[in-house]
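Next up: some structures, all given as structure tokens.
Here chain A shows up in two complexes: once beside chain B, once beside chain C.
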Partner chain A sequence: MRRAVSALLRKDLQLELRAPQAVPAMALFSITTLVVFHFAIQRGQVEGDLAAGVLWVTLLFAAMLGTSRLFVADHEEGGLDGFLLAPVDRTALLVAKAISMFSYLVVVEIVAVPAFAIMLLGPTPGAGALAQLVLVLVLADAGVALVGTMVGALAVQTRARDLLVPLLALPLLIPVVIAAAKATTPLLAASAGDVEARWLLILGLYDLVFGLLAYAVFDFLVED
Partner chain B sequence: MEAAPAIELEGLTRRYGERVALRDVTLSLPYGATLVVFGPNGAGKSTLLRILATLLRPHAGTARVLGRDLPGEGWAVRGSVGLLGHAPLLYRDLTGRENLAYHARLHGVGLDRAEALLEQVGLATRAQDKVHTYSRGMVQRLAVCRAVLHDPQLLLLDEPRANLDPAAREIVEPLIGAASGRTRVITSHDPAGGLADADVALGLRDGSAALLAPVREVDPAQVGALYR
Partner chain C sequence: MTSQLLYGTRLRALSLLTAVTLTAGFALAFFYAPMDADQGFMQKIFYVHVPMAIVALCGFVFAGIMAIQHLRTRDARYDLRSYVAIHLSLILGAGVLITGSIWAKASWGHWWVWDEPTLVSFLVVFLLYATYQPLRFSIEDPERQARYASVFAVVAGAFVPLNFLAVRMAQSYTHPRVFATADGGLPDKMKLAFVVCLLGMSALYVTLWKYEMASKHTSAQLRSLRRKLGGDEAVTPTGRSAAPSLGTSQ
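Entry: the complex of A and B
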């Protein structure tokens, strides 16, 4: 299993570095969306719940782009069949793709979150708030990556991939958006507070439930 | 040769929606033998190969490959089957060497085997180039390397010599030809060449077996009739 995951990750990294598909599109989309928000909400700076909403809507829609592209190279060039012919557990593909998607999100956030702070955020979060924000991002990214991997595997087999991904993924990710936005709100408020533990718990529980669900159904999504 | 057949199909049927791609196909092929499959485009040849490769599930009938029932025991067959289909199953933005290394890791095969195959098919000097810079013949040679990388017992070859010039055909012959000693299923549109390369002939028309006989009993004209 570890050997297959490592082979898949290595291949995905080589492909993304050689012919970037997901990360540049996601990063550019994030920045563009933040610029549009900057003009659309008609105020120089945002904070609290509005700031959290803007941040998570931007990241979530960027994640949809990554999800649409997650299996494209494998599907178009027959790589998925190449993997299915190998005597390895199909779960290796789930794990590798979820790790790839998680990594894409982290890279995009390294660009998008500072851009958000510069363009839109009023208060400057302290070190404590930043550390908590990283924790929220990690927990939310794990959920987005798991759901994105399942939906991406299903959608890539259809011609309406770009339509199907948001239609399937966004409703499934509503709990992540709610919990992540609620958790982030005090961190981006003028009088900075701490994350409420229950939202972190909900994000962790979501990751666990969708991790188990993905493990249970992934074989059926990629096999005939 | 072993007593049990390498491939045993009984009433094999596969549909795509309403269309029946493969209808009630029954055959048996011993270990080490070669089955050549003829038939016009859309007759079900590729579907048959994909079922044998465990990539498609039959909708009716039974398929037993290398002593294992499909699809239930497909996991046990996968490491012993090599598929060379119309798609090369290679990543165009990876180099030839990277592609083989990826498949070698998936199959638990040493990278020295990949290097030896690259040398054998004459691609060692181009191994560092991306696959999208290769000619179609070079891609086919690399796909042959990928298909035999894990030394499969059963080779499933969909028009394997397409895109290959005579010199390249000679190069890949030891890997996918009769001398490889593997059980083989080959699709072909060349009656004389296909019959000369096989032990048993299967002719498909509209998914049904219109011809099934040892090649010594088959006249090339019978194969030609499948296409009319």
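Entry: the complex of A and C
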């Protein structure tokens, strides 16, 4: 299992390193979205709940872009068929894809969050707020990666692939948006506060539920 | 053959039962239950809106359970049950959103209020399930369509309680909450009317579900009989469809 996961993960990351496709598009898209936000909400600087909203909408839409590309190469080049012929557990594909989606999101956030702080964010968060922000980002990314893997695997076999991904994933991710936006609001406020523990709890619970759910249903998504 | 007969039976009795309980429920709601002190006559919409929401959510859960059965047994009939349940719940769900909106306008003065967590959660759930039909429609292979639709129904069914929890936590409780008192604080006369309305709405759901199942089974049966008699030319090809196809397998 571990060997299969690491082989699949190495393949994914190597592919992305040699011919970058999803990550640069996601990063560029998130920065463009920030510019769009600047003009759409007509503010030079944002803080508090508005800042949290701008940040999460940007990250979420960038994640949609990555989700719809996640299985495309495997589907078109026959990687899925090859995987199905190999005598390994299918959960290996779920784990590998979720980890690669998670790492894409982390890379995108390394670009997008500083860009957001420079371009739009009014107050400068301190070290404590930054550490808490990283924790919220990690928990939210895990949820987005799990849902993205499920929805990506489901949508890649359909005709309306790129149409279905946001339609399916956005409603499913609303609890993540609620908890992440509520959690980051005090971190981005002018007088910085602490994250409320219950939002971290909701994010953790979401990750747990969707992790188990993905584990349970993924086998049915990669048959034949 | 037996399955078709099974779906066709007791439809008349069920229809009668539905008509009687629903009429009785509404009669109780209008003539027996007391007027609400705050909201007056407008509060009567409670007897339609809340039972409809409860039945629609139970329908989604039922669809999820049928989908688990389908994934376990690979029996196409479970997929059909799940499909019909989601279809009807979506129709009821549209009704819930419309009546909820009317109630919000009457009691708070706005067509939509974000402070009512139950209604907001319901909208999110409705939006998610609204993608069920497009999802089915965009998969051509019937076996794969059924399998993916079942995966969707299971995931969405598990999502429902999680979503209600998250949305409820996100609200500041600024509005008086009528729903929270639905079990405990309701006067006995109102409670009786509410329970009868809930039973009537459930009976309506079951009856409509049975009718749609019977209709789907009968047309599948008819197709396979036509094919037996006249060969493949006698049957017009169905083309792409979001509905599960049973006929070809029988």
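The rule is simple: the second predicted complex is superposed on the first by the 223 of 224 C-alpha atoms of A that agree within 3 Å, B and C clash if a C-alpha of one lies under 4 Å from a C-alpha of the other, contacts with A are read in each partner's own complex, and residues count from 1 in each chain.
In this text, a contact is a pair of C-beta atoms (placed from the backbone, for glycine too) under 8 Å apart; a residue touches a chain by one contact, two chains touch by 3 or more.
Remember, predicted model here, so these are calculated numbers, not experimental data.
A.B. asks: Under the stated touch criterion, which partner chain does A:179 make contact with: chain B (first), chain C (second), both, or neither?
C.D. replies: A:179 contacts chain C only, not chain B.
A.B. asks: Have a look at where A:209 lands relative to chain B and chain C in the superposition and call it first, second, both or neither.
C.D. replies: A:209: touches chain C, not chain B.
A.B. asks: Please work out whether A:144 is in contact with chain B alone, chain C alone, both, or neither, and reply first, second, both or neither.
C.D. replies: neither
A.B. asks: Is A:86 in contact with chain B, with chain C, with both, or with neither (first, second, both, neither)?
C.D. replies: The answer is first: A:86 touches chain B but not chain C.
A.B. asks: Could you look at A:14 and tell me whether it touches chain B, chain C, both or neither (first, second, both, neither)?
C.D. replies: Only chain B is touched by A:14; chain C is not.
A.B. asks: In the overlaid three-chain picture, which partner chain does A:3 touch, first (chain B) or second (chain C), both, or neither?
C.D. replies: It touches chain B, and chain C stays clear.
A.B. asks: Looking at A:51 after the superposition, I want to know if it touches chain B, chain C, both of them or none. Which is it: first, second, both, neither?
C.D. replies: Once the two structures are laid over each other on A, A:51 reaches no partner at all.
A.B. asks: One more residue to check, A:78. First (chain B), second (chain C), both or neither?
C.D. replies: first
A.B. asks: What residues on chain A does chain C touch that chain B touches too?
C.D. replies: Of chain A, residues 223-224 contact chain B in one complex and chain C in the other.
A.B. asks: Can you tell me which positions in chain B touch chain A when the two form their complex?
C.D. replies: By the definition above, chain B touches chain A via 53-57, 75, 78-79, 81, 83, 85, 87-94, 98, 102-103, 105-108, 130, 146.
A.B. asks: In the complex of these two chains, what residues of chain A are touching chain C?
C.D. replies: Against chain C, chain A makes touches at 150, 154, 157-160, 163-164, 167-168, 171-172, 174-175, 178-179, 182, 198, 202, 205-206, 209, 213, 216-217, 220-221, 223-224.
A.B. asks: Under the touch definition given earlier, write down the residues of chain C that touch chain A in their complex.
C.D. replies: 71, 124-125, 127-128, 131, 134-135, 137-140, 144, 147-148, 150-152, 154-156, 158-159, 162-163, 165-167, 169-170
A.B. asks: Taking the complex as given, what residues does chain A use to touch chain B?
C.D. replies: Checking each residue of chain A against chain B gives 3-4, 6-7, 10-11, 14-15, 18-19, 73, 77-79, 81-88, 223-224.
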